[in-house]
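Please find one structure pasted underneath; my questions will follow.
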Amino acid sequence: MEILMQGEHLESLIAEIFPQVGGDFSVEEVTEDGIRLRLLVAEKHLRPGGTVSGPSIFALADCAMYLAVMSRIGPEALSVTTNCSIDFMRKPEAGRDLFCEVRLLKLGRSLAVGDCLIFSEGTESPVARASLTYSIPPRR
Amino acid sequence: MEILMQGEHLESLIAEIFPQVGGDFSVEEVTEDGIRLRLLVAEKHLRPGGTVSGPSIFALADCAMYLAVMSRIGPEALSVTTNCSIDFMRKPEAGRDLFCEVRLLKLGRSLAVGDCLIFSEGTESPVARASLTYSIPPRR
Amino acid sequence: MEILMQGEHLESLIAEIFPQVGGDFSVEEVTEDGIRLRLLVAEKHLRPGGTVSGPSIFALADCAMYLAVMSRIGPEALSVTTNCSIDFMRKPEAGRDLFCEVRLLKLGRSLAVGDCLIFSEGTESPVARASLTYSIPPRR
Amino acid sequence: MEILMQGEHLESLIAEIFPQVGGDFSVEEVTEDGIRLRLLVAEKHLRPGGTVSGPSIFALADCAMYLAVMSRIGPEALSVTTNCSIDFMRKPEAGRDLFCEVRLLKLGRSLAVGDCLIFSEGTESPVARASLTYSIPPRR
């Protein structure tokens, strides 16, 4: 899978397409089969007790998968998430950023499928896993 | 399934447990087998074009399932989402609130399972469906 | 959603397309928004103890969704399951057939989405729920 | 994760617990974080055209996850699948066995979570992916 967009272009893309949340994410690396994305954890992502909320973890997985697809097909495509299955396995560590590692498993003409592992920074056991399907509209 | 908490107590519970998002939701009705919850759509929930974002729809389903479980087991329980599978089927209508209808399918001692349909206000075809599993910790 | 195929045509279709398992299923009713399918439970579907196996329940949901889609778009389409999320909630009753009630939630040009509840005959609490996505290939 | 059961004991366990399908599977390896299981593809697993059916792929993932859990907690535990989310991504190659690689992501006291990739023998792109949750009953 050829890489068409690298980190800084991907970050510009998020800022444009998701203006409310663009600043929450940082592209750590475009990897051989996907991407690694950081969630810069802030007050708005937390539940009482300091743990990151489920919807914030979902948003991280969703954005990471979107960017992984964009990194391979380029910014012109209007793809949308059609399905996500997510398992919350452990409580995230308080006061730490989260990382999401996406692995693209299929990049077809109309559907892309990938899975994600999400970690608290500096820990080895994933806090969550997710798999997502994206629908890629036909080129004109 | 006996109802232990009604709408206003549930709203107080959200405000306490999810302080950052508590004001986003309104309990429309505690139904025979679940709950109907409204997302008061605001600027922060939108994508360019005016449609509600996927993470906002996930947050609605997650909160609705939580409240449906709480309405039956009471506020003392510390339950957590362990799994969610969600299908995004149609683009939400711009400028309209969303409703989530939860149906509890199982309310066991340690696991609760429910499914959700999500609608734009005033429309008949669901924009999304979700199923969620909650883990209920053992009583002391 | 107009109905294009009724029960006996659907059963002929299963017998042709799934010759190894066609005789396991009986179309009970093509409903307003889907279908109700019976699994004629036999020795091969059971686990020790007499309960129906998970893979047999999956096969019932998969076949029921397939027939629900076929009942609306007709037999010529080569659709395939792309995703299934299934929750096993209760042990099926020994010695009873299972029913699957499918509800089509979306029937688009390229994707169909539906959900299923599965019951042991004569009982009110579902043994499982599932949601499935089908990919419908473009017409020539 | 310490390994408590190796291949031949796991195969004896399948033969005992799943007598109708035990002979369909062969344990290739108990790996560092899971297991690799082979489906010995036979006529009964096929659809017209020679491709392996969806329910057969589900059965492979379900059995592989079960054995991965058993390999770590031993044969005495009565665990059951509570959830599976599966994506069918490519058509399996006709006339080839399938392999399922399970990776255990969480092995808690009451819940185990793992994910699977499924391949046609000799190919590099997975035909399917699945994630499963197992409920492990409390020890007496």
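Order of writing sets the labels: A, B, C and D. Residues in every chain begin at 1.
By our rule, contacts are C-beta pairs under 8 Å (C-beta built on N, C-alpha and C of every residue); 3 or more make two chains touch, one makes a residue touch a chain.
Everything quoted here is computed from the prediction, not taken from an experiment.
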Selected pair, greater C-beta contact count between A-B and A-C: A-B
Far-end chain from subunit C, centres as C-alpha averages: A
Gap in Å, rounded to a whole number, between the CA centres of subunit D and subunit A: 28
Chain centre separation (subunit A, subunit B; CA means) in Å: 23
Between subunit A and subunit C, centroid-to-centroid distance (C-alpha), Å: 33
Per-residue multi-chain contacts in subunit D, two or more chains: 82-83, 85, 87, 89, 133
Complex contact set, residues of subunit C against subunit B: 85, 87, 89-90, 105-106, 113, 115, 117, 125-126, 129, 131, 133
Subunit D contact footprint on subunit B (complex, rising order): 82-83, 85, 110-111, 133, 135
Residues of subunit A defined as touching subunit B within the complex: 17-21, 43-44, 46-48, 53-55, 58-59, 62, 80-89
